[in-house]
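Structures follow.
In the two assemblies presented below, chain A is common to both, partnered first by chain B and then by chain C.
Coming up: the complex of A and B.
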């Protein structure tokens, strides 16, 4: 299987998500963590970009980081999968390797 | 006899603005800003707080940090009123681009657009950016 890319920067402040998406091959996974989770919600100016990326990538978001920021899992974009820390570990084992974009 | 510091004349009241532009937990900026504001509140200055860009996320309702092992400092913003810090401004464009409204915020704020905010900034004597 291909690579899992983790993104921990806000898409409103940094270009990290764009960079990760630009370098992710088809089928690669994208896991949004820390301030990266702000990309996962509907109704924002970055939501369309994330929805478009779902054509080529499975996108995950870390639930504890969502809750910490007071964001609602109900507002997570349809198709983006919320995972807990155990799910994070599972993803790391399921994908070949991990690239942490900082 | 009074203590020496009690005889000192009160200094001038200056207009201080704290500009918050970072999300709350990914970096230390938000917490540091809040601490500086609370310290500065003791000096009875004319204090304004601005939340813009990702700074609007600092005052998002419903923060629960139990699972990440970090202190949730968002309730502290509700205590600012008790320190006479009552001028809280949120930039409308920042809130809207994140799909949020003032109903999502833990404190009552004054919503201002970018032009109003620019004028408010011009009125200040000291601006501290976090």
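Coming up: the complex of A and C.
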């Protein structure tokens, strides 16, 4: 069973990204939404952790939430896939279950 | 696919109430069925018709009402959470001896069993909250 984990808090505010990564099995997807999108940017203190996690997980970030924060998709870590809300819906249906880390 | 949505956050708190409605719109646009949207905890505050946000701001409750009318959505507000927060329909207002009700069109008040049923009947339950 492959699960999609959504993380909606900034890694600079809460530990939910760490918790999600600790529980996610190999092959699980991680979708960063709302303030969670801050984990997707390169050059931050959590960027290396996210890059390391990409060995075992596909990582996605919600594009509209990146734009809503005045951030550019060009700053998103290479290999992190940017999706829109339609893509969010597709991920929910493609993975077997959804776990929202709040 | 059959999806249900759980909203645990009130409007204008952080972003989850907005995320939930955006996701629901996108799912409907993709042709999926929304079995139910359940409002729990502070999420019940999405269901009052007495909120008057500034005209240049989005009206989240009105968006849900419009979406429910267009797509025949089942918007269910948890009764225990609603009573704590002063969200009442006509029956509840009468039963509790209150002088009015404020439930928004398209919403209905019911119990947690509706959430359990949504979890059982749907292929996916997607949770939005704080």
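Here is the rule we use: the second predicted complex is superposed on the first by the 101 of 102 C-alpha atoms of A that agree within 3 Å, B and C clash if a C-alpha of one lies under 4 Å from a C-alpha of the other, contacts with A are read in each partner's own complex, and residues count from 1 in each chain.
Just so it is clear, contacts are C-beta pairs under 8 Å (C-beta built on N, C-alpha and C of every residue); 3 or more make two chains touch, one makes a residue touch a chain.
What you are looking at is a predicted structure, and each value in this text was computed from that prediction instead of being measured.
By the touch criterion stated above, A:34 is placed in contact with chain B and with chain C alike. Once the two complexes are overlaid on the shared chain, A:60 sits clear of chain B and of chain C alike.
Contacts of A:71 after superposition: chain B is touched, whereas chain C is not reached. Applying the stated contact rule after C-alpha superposition, one finds that A:43 touches chain B and leaves chain C untouched.
Looking at the superposition, the partner that touches the larger set of chain A residues, chain B or chain C, turns out to be B. Of the two partner chains placed by the overlay, chain B and chain C both lie in contact with A:8.
Across the superposed pair, chain B and chain C both touch chain A at residues 8, 34-35, 64-65, 84-85. If you check the complex, the residues on chain A that touch chain B are 8-10, 12-13, 34-35, 38, 41-45, 47, 63-65, 67-72, 75, 84-85. Of all the residues in chain A, the ones that touch chain C in their complex are 8, 33-35, 64-65, 84-86, 88-90, 92-93, 97-98, 100, 102.
Contact residues of chain C toward chain A in the complex are 1, 3, 8, 14-16, 19, 22-23, 25-27, 29-30, 32, 123-130.
Interface of chain B with chain A (complex): residues 22-27, 53-54, 57, 60-68, 70, 72, 74, 97-99.
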